[in-house]
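Letters A, B, C and D name the chains as they come in the text, with residue numbers starting at 1 for each one.
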Amino acid sequence: MIRVAIIGASGYTGAESIKILLQHSQAELTYLTALPEECGAVEDVFPQFKGRCALQIEPLDLDKLSELADVALCCLPHKVSMSFVPKLLDAGLKVIDFSADYRIKDVAVYEQYYVKHTDTENLKRAAFGLPELFREQIKGAKLVANPGCYPTGASLAIAPLLKEDLIETESVIVNAVTGTSGAGMKPSSKFHFPNMNENLFPYGIGNHRHMPEIEQIASDVAGKKVTVLFQPHVGPFDRGILSTVYCQPKKDISNEQLLKLYDDFCEAEPFVQVRKVAPAVKDVAGTNYCHIFVTNVKGRIVCFSVIDNLVKGATGQAIQNMNIVFGIEETMGLS
Amino acid sequence: MIRVAIIGASGYTGAESIKILLQHSQAELTYLTALPEECGAVEDVFPQFKGRCALQIEPLDLDKLSELADVALCCLPHKVSMSFVPKLLDAGLKVIDFSADYRIKDVAVYEQYYVKHTDTENLKRAAFGLPELFREQIKGAKLVANPGCYPTGASLAIAPLLKEDLIETESVIVNAVTGTSGAGMKPSSKFHFPNMNENLFPYGIGNHRHMPEIEQIASDVAGKKVTVLFQPHVGPFDRGILSTVYCQPKKDISNEQLLKLYDDFCEAEPFVQVRKVAPAVKDVAGTNYCHIFVTNVKGRIVCFSVIDNLVKGATGQAIQNMNIVFGIEETMGLS
Amino acid sequence: MIRVAIIGASGYTGAESIKILLQHSQAELTYLTALPEECGAVEDVFPQFKGRCALQIEPLDLDKLSELADVALCCLPHKVSMSFVPKLLDAGLKVIDFSADYRIKDVAVYEQYYVKHTDTENLKRAAFGLPELFREQIKGAKLVANPGCYPTGASLAIAPLLKEDLIETESVIVNAVTGTSGAGMKPSSKFHFPNMNENLFPYGIGNHRHMPEIEQIASDVAGKKVTVLFQPHVGPFDRGILSTVYCQPKKDISNEQLLKLYDDFCEAEPFVQVRKVAPAVKDVAGTNYCHIFVTNVKGRIVCFSVIDNLVKGATGQAIQNMNIVFGIEETMGLS
Amino acid sequence: MIRVAIIGASGYTGAESIKILLQHSQAELTYLTALPEECGAVEDVFPQFKGRCALQIEPLDLDKLSELADVALCCLPHKVSMSFVPKLLDAGLKVIDFSADYRIKDVAVYEQYYVKHTDTENLKRAAFGLPELFREQIKGAKLVANPGCYPTGASLAIAPLLKEDLIETESVIVNAVTGTSGAGMKPSSKFHFPNMNENLFPYGIGNHRHMPEIEQIASDVAGKKVTVLFQPHVGPFDRGILSTVYCQPKKDISNEQLLKLYDDFCEAEPFVQVRKVAPAVKDVAGTNYCHIFVTNVKGRIVCFSVIDNLVKGATGQAIQNMNIVFGIEETMGLS
């Protein structure tokens, strides 16, 4: 049994991690930590686990962690994460990190969008945890940077096109709409129910932190620089991201060829499904699946992808990465 | 033109007051105040009024208020309200107060549920602003205590039964579900969208502050002490309160007799409508109406009423009270 | 492995059954049937199962059923169900029936609320599938009548009080609010999104079919006739039922005694959790759990229970029953 | 007083028309018609008007119409509309038509997206009712084609850019998300609450009927052919359309210049507001306003506009058109 710790277990990704691990037959939760003021019995912090999980969420004790766990799901925010990850690695654990701290390989870009980077050594070694695109790197990695939710959905939508060099690299527009759980557990005016309900709005215009992450993945896949205009929106639902991606083909490619291309790409992928009609976010809610539909419209290729932002966009993908790192069945606990 | 000031204009009731007064042909907004940190142009505080209202929300200046307004809609929270209302009255204004401070006539009861009362003089003189039950008191009043949202819906549902002494006075159970706007504008964990969405829960069990208010109204109407078990719940929608009221009839009364009783009671009321089928909260959303349906079920009388908590449960009723106080058409601005 | 067929697999309970059985380690789906016009690959009927379930939904063939399955989850509507269940039993299968056809033991009551009963022989032999109250009957039963969603939530909320004869048997009022999935998959005006959204309303006033079912369970538990005023409502969310139950105690019982009573009752129950604060429907969404809180309010006992209407209120409970019938771990596939 | 008839009054646009006209001080509802099976007292068809509107909805009688009304709001679906409009005109009424039948000037395009056109004579004479762009045509028109909801929001978002020839005419991508009321009152599986709730999906991929309408408006404004890739989506809310429009500027234009351009364009427009931050659909819900924000992002210009699809996207705009046709204050009844 893989013994799993969750660092920063008191948020939505923590809760989702507990939920998934409760049904994972080769991993078990052994240690949960949070800030002192957020500690307590799991069933008090998350009533949905009453009678299902007898663990406590405790302040982090590195010795205890080292003794009790083989791997840490590190659910801390950026900046905080890179101050803890080196210690977790030193304690002998594998780490799946949910923050942005080990995702952006170019330190200057990271520092432009976030803060000063304080752990560039581990950054170099971290694998980028999008298995469908970088599975080989993840195998045997000690530290995996779990991707952002938007970059996961957007990248899977266009990866086959980029891999085959079929689109203009400056033509990509990602228009995405997310559910509200992506905003995290801290109450705010924007996400106050009477404000967010019956509402929909754009945000992060021109400067969302997932833009350079999408560009990095796209460029890696294409083997050359790809620029992406990424525009996120938030809508009145809990879970899910719909990415509508517009790109300019280099030359004509029929819908049949597109379908074949995507089918070939996804054939061996357990969690990516190519659809023949447009997908809906509810089709994948609560699952680790990504559904994709791609078609020609008025001279452009339009790709649609849906994921659950808390599962394939966060915790499910982290467990998928954990499974790969430990060499067990990749779908364990996730299907 | 009645010149209207809103004291505490930066919350949901403030916004609703602006909206209603913009279409009131005999009243005009002249002065809006809020705490300094919540001030600014109306269109910046509430984008929905961009191009519709050129006023500023300013810190309260009593001299300016006295000069600019004939009446104040006082949208302050309890305790704060009773520290301002005496000044507003001294400044020569009529006051429609939205807080609980002037509603509960028994100071001991008020102090049990709220805080120490600091303005018992004005409390004695305040009219209770439920026009359908206390219209005569409201006419010419200087200070009107605008009722709570739950008490409005619950009291209208059972007033005809109490007036005619048809039900056991210890048998009344009010089971109510409100939308979320009743919680006000301040973000909190319970009303954080990913928590409140797809959710429904009871609260205020056994101790909600509207319980004694409902009992006071019911007792006034019945002319004797009435006790009420009041249980509120909150559900995932913006506006509306559904009250389902269970009572024990003293003797058999047919559904036809019930309908006649309610029709007679509501005949002259512009804002209370007796339905022949169960009402839905959406039937009255955005309006000052209360819809009621009443019927016998298994030896009890069950009354259903719906109102919009922000309109008939707050601002609409305040404007209705203002209209009565100033002797103009009661429905002005509201239909 | 228990081989499971789903009869009437094309609705919400069918989809939920597939979902649960996909993660059941001692049961496997072998045969799915529906009306001819609703047949097709599971992944076409329910896109959420794309890549997760390779089965077809086919028109029912009794020979094939007999050969392929040990047990049938019969998700047909009432009346239709009792025309098929005898054949399923004759085919040698155990049957967990989701309809009302085998729930109401008094044929006259059944026929008053539903239609003429055409299979009274099997009705007599059917076990009532509420494990927490009738587990012994279910063990070894050939036919289990899976309870209605409302009766499940309401009965669990008050069973300990009835068992100990602590409340007046004519005093029980069940005020319940359900999510919309209880209405099934067939579009209708009431459940059309722009009508149902932002809405809440009562229905089935005085005549809901679950009223006699709740009374039957309550009377069985109490060992004497119990009458219940049951008033359902529907609110704008997918899943969950909140039951708020009001009853008159025969004599004073403290909150501590109530908590002890419920704790004792639920101690050995895997799926019923006694809470110390009010539960919310979202606490149990997607799970087979029932959370209960009970307290004294103004001379009455008020019990709150929450369940997921599609899981503990339907499919989860059916699987729980199946597990009991086959003598395997009761929680298998459900936690 | 302008005497107004509503033809096809039993749908959402009919209800919205009644609501607006009840507060219009220079127009009064005199005649409401619908299919025989949808007739009845307004308060029975729409409970929200109980006590507010004493009219009946009746089967259409042209003589009565001619006698009772000066103008018809024709809320019929396409194809049906063009079979009635000639009769309404012959009856001497002005007509504001909500359908697509008189919007598309190119009959071949109309027939490609809809059906054979049967009233090309009136098509030629119809004014296109987007006042901000074609006000002069509307003045004095006998027949006004009220625009589609998407075309209204999308066109206003980019009109200033097109008018000044600032963008590449083949670069426009309109990504829009609508609320559900746009789907009309007829229940369907997609809009069944348990399916639509918590969901978001694209539709009309490559072939939505509003695409040629947007192109026609854009081309008219630009004075040359403009092509538009229009991709609509639907989300889980009642009202509102957010259009996110991406275009390629011909040359650099600063954000300050963009703001100035839009401010100049909208200065005299009562219902179009230029924002300095991104708008949200809730900012305009229930109003006839369109809020716009425009900015440069990564070499493209991105325009955001929000409207209420039932008001500025349908009924509000129709009343605005009616006001213009009759030469009264354009904002009457709408602010």
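Going forward, a contact is a pair of C-beta atoms (placed from the backbone, for glycine too) under 8 Å apart; a residue touches a chain by one contact, two chains touch by 3 or more.
Computed from a predicted structure; not experimentally measured.
Considering every other chain in turn, the ones in contact with both chain A and chain C prove to be B, D. With every chain reduced to the mean of its CA atoms, the largest distance from chain B is reached by A. Chain D has its Cα centroid 46 Å from the Cα centroid of chain C. Note: centroid distance chain B to chain C, computed from Cα atoms, is 39 Å. Look at where the CA atoms of chain B average out and do the same for chain D: the two points lie 36 Å apart.
Within chain C, contacts with two or more other chains are made by residues 179, 197-198, 236-238, 279-280, 282, 285. Here chain A touches chain B in the complex through residues 12, 179-181, 183, 185-189, 191-194, 196-198, 236-238, going by the rule given at the top. Every residue of chain D that touches chain A in the complex is listed here, in rising order: 170, 173, 175, 177, 179, 195, 197-203, 205-206, 227, 229, 231, 233, 235-240, 242, 244, 246, 278-282, 285, 295-300, 302, 304. Chain A makes touch with chain C in their complex at residues 22-23, 47-48, 50-52, 198, 270-271, 273, 275, 279-280, 282-287, 289, 291, 335.
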